[in-house]
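Right after this note come the structures.
What follows is chain A paired twice: with chain B in the first complex and chain C in the second.
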Partner chain A sequence: MKQRNILAKCVLIVIGLFYVLPMLSMARFAFQRVPMALLGWDTLFKRWTIQPLFTMMSDPIFRQSAFLSLRLAFLSALVTLLVLVPTVVYVHVSMMRARPVVEIISVLPFVVPAIALVVGIAGAFRDLAPWFIRSDYSLVPFYVIIALPFTFRSIDNGLASIDVKTLVDASRSLGASWTRTLWSVIVPNIRVAVASASFLTMTVVLGEFTIASLLLKETLPLILSQSQGREPQGSFAVGLVLLVITASLLGLINRFSRRRNMAQSVTLL
Partner chain B sequence: MSSELSFSGVRKTFGEVVALDTFSLEIQHGELVTLLGPSGCGKTTALRVAAGFEQADSGTVTLKGVDITAMPPNKRNMGMVFQNYSLFPHLSVSENIGFGLKIRKRSAEDRKSMVNDAIARVRLAGLADRFPHQLSGGQQQRVALARALAITPQVLLLDEPLSALDAKVRGELRDEVRRVQKETGVATLFVTHDQDEALAISDTICVMRDGAIQQVGAPRDVYLSPATPFVARFVGAMNEFAGVVAADGSLALDNAAGSLTGRNFGASGTKLTLLVRPDDVVVCAASEPGSLRATVNTVLFGGSTTVVRVTLPGGLMVGALVMSRDVTVRVDDVVGLRIDTSRGVVAE
Partner chain C sequence: MSITNTQSSRGPSLRRAPRLFTHSIRGWLPIAPFIGFVAVFLLMPAVVVFQRALGRVDGPKAPMVEAITGQYRKSFIFSMQLSAITAILGVIIGTMVAGSIVRLGHRRGIRNAFTGYSAVAANLGGIPLAFAFLAALGMQGLITKLLKTTGVDLIGMGFKVSDFWGIVVVYLYFQIPLMTLIMLPALDGLKPTWREAAANLGAGDRQYWRFVALPLLLPSLIAGFLLLFANAFSAYATAYALSSGSSKLVPVQIRFFLQGNTITGKENLGYALAAWMIIIMTVSMTGFIMLRRRAERWRR
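Up next, the complex of A and B:
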């Protein structure tokens, strides 16, 4: 038992180093005013600065792309929740037998390459609704689709942890409409799943490159990629900050959901 | 006088399965009607059709004479308590009870007073701020009952609300449900597969089988005068005596176990089974004239009453219910059995 514990800890340490070391290297490259060839142990604590971050943030093109990506992230999360929560609740309440089919559909974005998705949809809409393809917000449906494998599972797991059918029936019998039931009964009981789905969608949007590039939209990942040659330290600094923010949010969700589960498992009487 | 809730020729199918077949039933104001039957007999479907969660294929459901067959559940003003704990986990006891009142846009002051009344009615004072996960199963069902009654429903629907509870709490809550139902005078449709529960709590029992009603009557009538062999077998314990009608009208039991007299069983040579309750079997001395000879197999003490199981020649096992203080027999004693055939039910 003790040997297994030691082995588990070793595996965790190795995996931790695998993730942390590149990030530390990235941090040194981004935030130290030391030539790359001189980055070693002896310069570990020398000339740290957050100036590259400010330089990058003062660039109007960067700011524009950052705001666009944030708007797209919020909109994509909102559309995801508006479409996905009622759909998955309906599946859980009335069509549980169809759940495996819905689950398979949700992983299709893993199977269909982004380029095929863009070519197909853009081809269909270029003549029908050219304004849609021209608009920056045409990215939202794509992002909703490519985030589906993560968001469906998050919402589905949240609903599986409660007795949705009974709660819906109880709420309806007390006079609540479907909308009221969703808003006042279901969503508060899957709020961790809803938050997870939202953050996962935002993470996908903030890191998505292919679709934005194919549709010629200047989102944050594209600008970061383009500015690597012009302002390499700044682009790495922004990338690292985004990574830390995303990881912190996911860590918070995980911690919050564990605390909630522990609280619910305690029956006082 | 129109009934509070009425089903008229309701039919409901799920694919090939007929869950309700021309189901007709009336529930009067203040009456507690129990739908009793084995799993899959359609009792929960009937309740869900009344609540509006299932749509009838044909037939009508009326509430105080108003056709509500196609009305959505949130418009019906029926309170419901479910088998699974159905309290909203994110709301406290008082918020759960006030949920329906909030939807009905009652003022905060009204809500507070009605919630307090409801909490007092189900004797949960002091627990108003607790959350469902801080309550026992029995307490959760009390809150669910208070929540269902807080909206002053026209009909209360109870879907096996006691089945998830342990025996002691189940008994206590059963009495509580009956007391509160009588106090409020609300027409109530109660679903259970537990015959003891149905006999103890109901004004009227509706026994169901395969989507159809077998018998509707007062608990005493259903128990003492079952309309069909199914009702006789399902409600309460039964002894089954199979045999052939003899020329003198008595029933000659199979395996030469003896013959049952006391009534005319019909045409000679007819094969039938007589169903007799253990209460109608009396253990007597083996020498008593007209009694069946049997050997005591087991004596099951059950507090005030004891079940004496005896074996007839040929191996037929018969149970007799005896007041415990009158039990004098022991295992392997040879005894006589007097059977009151006049109360038995004949099954072909």
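Up next, the complex of A and C:
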């Protein structure tokens, strides 16, 4: 028994290092101005600087891409909520037999990899609506689609955890309209799920590379990959910031959902 | 409850028309915008992929056939090998991690730290993850240097982050935590009473694992493998950033056909490659969903 515990500890230590070391390496590369050859115990804490981050931030191309990604992130979260919340609420209130159908539809994006989706997008919209794919904002609906398996889960779990029918009955019998019921009764009660769905969409948007790169939209991940050679320290610094933002958003969701006893809303399980 | 029912079945047309049919159409109507959204932005592109892939033959071979012969066949084999190996390693190591967490279960702190980080890491990827591993395992990487001081010369052994095994290691960064998250509930579901029952019937430790625990865990293990396989197979950005686009992966091959937003050259071949990817993803995800249902049967 004792021996097995030691084995378990060893496994966790090795995996812990595997999780932590790449992040530390990235931080060192981005923020320390000591060449690898000279790195040792005596130089370990020398010449750390956040200058590379500022260098990147003063670059107009980078700034534009960062703002574009932020706009896309907010818009995608908004569209996600507009498309998803009324639908899932309706299903939970009076159409539970439609739930399996909606669930299957919402996991469909898993079987179409981003690279295959972008091929189809080019094929479908190039002739049909060229103005559409020329616009930067054409990415929004596709990002909503990519995030759908996660966001549906989140909203669905949120609604399952409250007595949505009683709430609707109470609100309607007191004379509230459907919009009012949705906006000031249901949404406040599932605000954790709504926040999770929005954060999930944002993490998807901030990390997505494939579709943006093949539709030639200069989002943050695309500019990062392009500036890797020109400004390695700066792009690694921004990459790290991006990872930290993503991790914090996902961590927040995880924390919310654990408190609400609906763990694992982050993954599709 | 009763109020909602009268709400949804109100309206004059409902009483006049054949009840069942109208009722069901009416009921589905509010879901139509959602279905329409998915139809336009997901199904239509997917249908176009298949339409073009199966459409007009402009070479000696049908595009769907050409997409799995010659260099493209090699690409598919490379992609599937990579996905299978990261999936197998992910299953083994992820299960070990989950097992270790359960074994040290009395320490809530360890469990929370690992599950919390796993939920985050399972969803990391893309360009920044590639950067992290370039900084860690590249020529001038921190881990490369650390290992060198302990006498392991990674570069001398022929290891490169941009090679096959390099990509495997990088993918494990999200594969291991994903598997951990799949196996934790499965291992938690093994009730101590089953072990006691087996012991009472005279089963030893080994027999318990072979005849009780393993059959119970098997659906989760296979489901995990399929999910991890699909996960690696559809990944693109990380591998692209690691090897500057020179990799043999199927997605990178597809990229050659797609310049900007137009498909150039043998355009139907690009569609056929994408179609095969969707087929492979559909098969593995369907398997995953079916096995997951089976795996959940034993949990309460």
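One rule holds in what follows: the second predicted complex is superposed on the first by the 224 of 269 C-alpha atoms of A that agree within 3 Å, B and C clash if a C-alpha of one lies under 4 Å from a C-alpha of the other, contacts with A are read in each partner's own complex, and residues count from 1 in each chain.
Following the convention adopted for this analysis, contacts are C-beta pairs under 8 Å (C-beta built on N, C-alpha and C of every residue); 3 or more make two chains touch, one makes a residue touch a chain.
As the structure is a computational prediction, the values presented were derived from the model and not from experiment.
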| item | value |
| --- | --- |
| Touched partner set for A:172, first chain B, second chain C, both or neither | both |
| Touched partner set for A:12, first chain B, second chain C, both or neither | second |
| Partner chain(s) touched by A:22 [first = chain B, second = chain C, both, neither] | second |
| Which partner reaches more residues of chain A (counting touched residues only), chain B or chain C | C |
| Which of chain B and chain C A:162 touches, first, second, both or neither | first |
| Where chain A meets both chain C and chain B, residue numbers | 169, 172-173, 264, 266-267, 269 |
| Residue numbers on chain B that touch chain A, as the complex places them | 51-53, 72-80, 82, 84-90, 99-100, 103-104, 133-136, 139, 144, 147-148, 151, 157 |
| In the complex with chain A, residue positions of chain C that touch it | 1-5, 7-8, 27-28, 30-31, 33-35, 37-38, 40-49, 52, 93, 96-97, 99-101, 103-104, 110, 114, 116-117, 119-129, 131-133, 135-137, 140-143, 145-146, 172-173, 176-178, 181-182, 185, 230, 233-234, 236-237, 240-241, 250-251, 254-255, 257-258, 260-263, 270-271, 274-275, 277-278, 281-282, 285, 289, 292 |
| For the chain A and chain C complex, residues of the former touching the latter | 4-5, 7-9, 11-12, 15-16, 18-19, 21-26, 28-30, 35-37, 39, 83-84, 86-87, 90-91, 93-95, 98, 101-102, 105-126, 133, 141-142, 144-145, 148, 165, 168-169, 172-173, 203, 207-210, 213-216, 221, 224-225, 228, 235-236, 239-240, 242-243, 246-247, 250-251, 254-255, 264, 266-267, 269 |
| Interface residues, chain A side, partner chain B - complex | 162-163, 166-167, 169-177, 180, 184-185, 188-189, 263-269 |
